[in-house]
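Paired with chain B in one complex and with chain C in the other, chain A is shared by the two complexes that follow.
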Partner chain A sequence: MARVRGRLAQLGQGWGGLGLWWLLLAALALYPYTGVTHLTLFLGSQVFVLVTLASNWNLIGGMTGYVDFGHAVFFGIGAYVMGILVTKSPLLVSPEWGFLQALPVSGAAAAIFALLIGLPTLRLKGPYFSIAMLGTFVAMREIVRVLRPLTGGGVGLNLPPVLNRLGDYYLMLVLMGLVVSIMWWIRRSEFGQSLIAIREDEIGAEMRGINTTLHKILAFMIAAFFTGVVGGFWAWQNTFIDPDVVFIETRTVEMVMMSMLGGLGTVWGPPLGAVVIYVLQTVVWGRLFGIHLLALGILMVLLVLFLPEGILGTSGRGGGTSIVRLWGRIRKRSDP
Partner chain B sequence: MKIKINELSAMSYRLGALNMRFIRMLVLVVLVALAGCSAIPTPEVREDVSSETSTEDGAAADVIRIGAAVSETGKYSREGRDTRQGYGTWLEWVNNEYGGIDVAGKRYQVELVMYDDEGDPDTVARLVEQLISEDRVDFLLGPYSSSLTQSASAISEKYDKIMVEGNGASESLFERGFRNLFAVLTPAGNYTQSALKMLAEQGAQSVVIAYEDTAFPTSVAEGAQRWAKAYGLEVLGVETYPRDVADVSGIMAKFKEVEPDIFVGGGHFNDAILFIRAAKELDFNPKAMVITVGPSNPKLVQEVGADAEYVIGPTQWEASMSYEDEYFGTAAEYAARYEAQWSEPPTYQAAESTATALALHLAIEAAGALDTNSVRNALRELDVVTFYGPINFDETGKNASKPMGAIQVQDGEILVVAPGHAAVSELRYPAPDWKDR
Partner chain C sequence: MDQVLQALVNGLLLGGFYAVMVLGFSVIWGVMGIINLAHGEYLMIGAYLGWGLFRYFGMDPFAALLLILPLMFLFGYVLQYVLINRIVERPHLMSLLITFGISIALANLFKILFTSDPRNVSVTYNGSVELLGITFPIVKSIIFGAALLCMLGLHLFLQRSRMGKSIRAAAQNRTAARIVGMDINRTYAVTAGICIAITAAAGAMLSPTQAIFPFMGPPLTLKAYTITALGGLGRIPGALMGGVVLGVTETMVSRFVPGIGTNLGVAISFVILVLILILRPQGLLGGLRPVDPEAE
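Moving on to the complex of A and B:
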């Protein structure tokens, strides 16, 4: 039993985890060949978006321990850079190529913004950082509203309505595969270990010669880059952006919720959490029409009470993931 | 800040040396994937959506399926409920009283598939996708709010499905060149037309405009400036304010100095209260206050009491209007029917939703067919007067033929004063100064 626990604690840290992940990606890449509807493809790309967002948030919120309550600001910047580029830039020839060209630019803009905002805010610790980021998020919504000639103000921007569910599916599949692989790599690398050292004891990490500022900023920029790319993608796929649909608080809350449910700081936790929450949202919504928000809320409370470290969380006492420990506790109770 | 260049390079070295194996693997996988992409054919996506009707499953042969994603929860839950009930009023009537839609002599019952979009653009997109590709609806009715209609209509356009809507008034919806989107309500740009025309006839000469910086109020304000010019009113000032504003006295103080005859303002219900209170406090005395959202709602009189007197507001529809049709009778008869079914009087959102469904219904009957092309053509040619007002779509899909009504609060009552043929009371103009009331 102890050995099983040890194995589970190491879950996915080795090459086996990555191999399984790439197998899953390959299976998902072949899935459309089995004959699917546009709805299935759309649901797939929505799940991939959530997985990517949760993984990104986990890099700064889980591994580095800086709980970012305004992470959706990078999503918003990405969305607006995309919106402005495809509607106002004369350089882009066809809308679809323009979209693909603008996608990395959306990410880069978010990363640059992360650098600028990270320099002051990452000096703050604990709840102060969270609140500063929340403030940044709300401020950005208002700034976008005021910069009317560029952003369309409160009226928003209409993007060309070119919907390609199959293309979207593969694009997000590749992006998700890349992001989660990078998270796996970071988790194993010295860079990742340094981030965890910062989370556990920032002063100690600094004393041991880790340049904490550099590490934090880099992690922040990586997380912002991919969040920005996802934002750009979302703007394209929704074909319409205004400050109120792009900068909504629930997007950050979702990222936090999915990471926490899966397991903060783990590689495979946030993707799992994203899938579980998405399935719960859609299934619960289907069955419990009318009281679905209440049901989802109660479920979240239960999860936080009984699985505070998330499904794959390992940070607590004893070995094994928290699922294993929960199972152990239940067995102990039922033994006379 | 202690980032030094040599540290950065040392760091990048460490990052690289740590796991070259990983990067090599990643590059390999990407290359294989790219090679695969060029060699493998694109997967087939089942395109069932273009099938003309949902008749393949025998039992549903005489049924027309209509789908809609409308908020039941979320920020539009209140208006969403009115919208649902409006659709429901038509559904009840068409199936049980009218006997089904008459398509070339054959009667079709209507099945209405409705989901809750939670006021969320991702959810509305998913549900519209589901309505089209799984529930295989024949036609779509719109969600509540302009921004959700933006998301939903792009999808119905992609699959070439007709969407008739009555709850997205923003002009930018109709600037995208969509062929399948039709809206029965008066577009936002025409909101102030009746009121400004009437006031210009009464001798008003100047106007100031304040509006919330979001899609719908912006369209209203741009229209107001256009109509002011058309009726020879001088625009003395235009101001914007952000959503959820808490204080408008700065704007009102500015306006007080230019002494306009007409004040036009608005965005949301709460703004109406702020404008009236600020005008009274600052003793700002325009001869008429036109507030775009609020005055037609009885709650405004409850909130500000006698100060709401003389305030003018545009309205899409009132039960006291003199429109009528052969289906629901007069506006008042429609209101009575609605109240009998839902135990509350209809709001204009409810009435326009019923009119939305009715417009689709009439177009299907006129087309005598269920395919998108015939019904689209019939919608373009539709020219009827309903309990809700005239419906006649222009080439962009807007119902430009319907004039906006105007109401004025008179002795605590909300009375229609324009347009002339729908009016039940005379306009009171000019409003007396605050100190003389």
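Moving on to the complex of A and C:
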């Protein structure tokens, strides 16, 4: 059994994991041809959004160990850059073209903001960083509300409605496939190993000659870039943005929870966590109005107490995924 | 000149409230090393209790404190005993995540119970007194007085009483306190009970001055964090000083910088926070322990 588990963990890290992922992507790419409704395509793209966000958060929160409680700020910046470019910029006359041009710009804006805010905040250790980012998030919402001429203030911005569910589905599928593959590559690369070294012992990593500041900033910028792109996409799909729907705590909470549930710092944990939470949300507590965040909060407390490594996370001792060990613990307790 | 003086007085009164609001956060951090992200939600609970007692039982929010303090002490004691004590000695990340989870669960529980409509408490003495050409709003002046009383009480409790001494001992060295036979779990639970009771009392005092809604917590948590970083962990004079600095800065900026409005208080405290964290990560004044968790 232990050997099987070891093989599974290796498979996740190796080419096998990536191969399985691409097979899944191919299946998802063929899925619209089975004759599905627009609603299904829309829900599919929503799930892809969640998976992408969770993977991005995991890069900075899980692999680097800098728990970001304000990551939705990059989502919001991406959404607003998209909104401003599409509605206010004279260069983007045709909305169909405008969207695809503006999408990388949203990501770039978020990445530049990550650079500017990361330079001071990433120097902070642990809890400081978390709260500084929470502050960035809360402050940014107020700033966006005050910058009325540019952002429309509390009234928000209306984007031109272009309904293209199939295009949205494929765009998010490609983005999700790309992001998760990049995470897989980072986890194997020297860059990723350095990030994990920073998480485990930052001073030690620095002693070994790792340029910790550079690594942290780079990881932060990559995570911010794709979060910004997703934000831009979301603004386009939603066709309406205002400070309260874009800068919403729910989004950060979901990113944290999905990564934690799946396993912090693993490649396949956050996507799995995203799907599990989405299913829980729609199937289990979706019928009860407004209970989603309450359930997430309680789930977070329970996870910290009973399963801090998440489903796929492995602890240093013994190996094997933590869910397997939890099961073992329960069995041991029930038969004395 | 009069305007400057008026803004200064307003800032001072606001600072008094901030000081009492931050006490619980500061002491919990100083004693247990836990950054309590659910702090704003305890204020929110207190504010809702103040509103509920006013609305349904006609109790004055300040008289209601007598009921809110023991109730919330019990809440804090149980919460600490059941949940937080289990993760006190785990890495910082775990306490951050668990308090984050508590804060989200509480805010959304209150949204389900009371909807997100803002609630108000309008007391009869909602006017103001003029003294030497400066206006003193009555409610805020009472809050200021009550805040000073709270601080004095907590200070005496920590310095003089036996329980206060064991709390300080637990803050200085957990292991040594355990060796001499202290029940750390109980000490922590009492600390949390007192801190959460004071925090909820601050929330109840806040209820006559501003609208209450379930998501009022996070900005207040952020302000509490800023003030604690300014004033040092678990230091009561530090809390007063940090509160006054933040209160005066906020009032001055919203009064004299054109076109900024009052909503940017959070942004201001955020700027102050980042400046402190970068320039002086050990806090402006010393405290029960260094602000930097790595330095333990």
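The rule is short, and it goes like this: the second predicted complex is superposed on the first by the 304 of 336 C-alpha atoms of A that agree within 3 Å, B and C clash if a C-alpha of one lies under 4 Å from a C-alpha of the other, contacts with A are read in each partner's own complex, and residues count from 1 in each chain.
To be clear about the criterion, contacts are C-beta pairs under 8 Å (C-beta built on N, C-alpha and C of every residue); 3 or more make two chains touch, one makes a residue touch a chain.
On a predicted model such as this, the values are computed, not experimentally measured, just so you know.
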| query | Which partner does A:Gly153 reach: the first (chain B), the second (chain C), both, or neither? | reply | first
| message | Contacts for A:Val36 in the overlay, against chain B (first) and chain C (second): which applies, first, second, both or neither? | response | first
| query | Touching A:Lys125, do we find chain B (first), chain C (second), both, or neither? | reply | second
| field | Which of chain B and chain C A:Ser181 touches, first, second, both or neither | value | first
| query | Just chain B (first), just chain C (second), both, or neither: which does A:Ala219 touch? | reply | neither
| task | Please indicate which partner A:Glu249 is in contact with in the superposed arrangement: first for chain B, second for chain C, both, or neither. | result | second
| said: A:Leu294 in the overlay: touching chain B, chain C, both, or neither? Say first, second, both or neither. | reply: second
| task | Based on the superposed arrangement, let me know which partner A:Glu142 touches: chain B (first), chain C (second), both, or neither? | result | both
| task | With the two complexes superposed on chain A, say which partner A:Leu272 touches: chain B (first), chain C (second), both, or neither. | result | neither
| Touching chain B and also chain C: which chain A residues? | 142, 145, 290, 292-293
| query | For chain C, which residues are in contact with chain A within the complex? | reply | 35, 37, 83, 86-87, 90, 92-94, 96-98, 100-109, 111-112, 215, 218-219, 221-222, 225, 260-261, 263-264, 266-267, 269-271, 273-274, 277-278, 281, 292-294
| remark: In the complex, the residues of chain A that touch chain C are 65, 67, 69, 120-121, 123-128, 130-132, 134-136, 138-139, 142-143, 145-146, 249, 253, 256, 260, 290-294, 296-301, 303-305, 308
| request: Can you check the complex and tell me which residues of chain A touch chain B? | output: 22, 29, 32-33, 35-39, 41-43, 46, 119, 142, 145, 148, 153-156, 158, 161, 163, 165-166, 174, 178, 181, 185, 188-191, 211, 213-214, 217-218, 237-240, 242, 244-245, 250, 285, 289-290, 292-293
| query | In the complex of these two chains, what residues of chain B are touching chain A? | reply | 1-3, 7-8, 11, 14-15, 18-19, 22, 26, 29, 33, 42-46, 48-49, 72-73, 116, 120-122, 125-126, 129-130, 133-134, 147, 150-151, 154-155, 157-158, 170, 172, 175-176, 178, 212-215, 217-219, 242-243
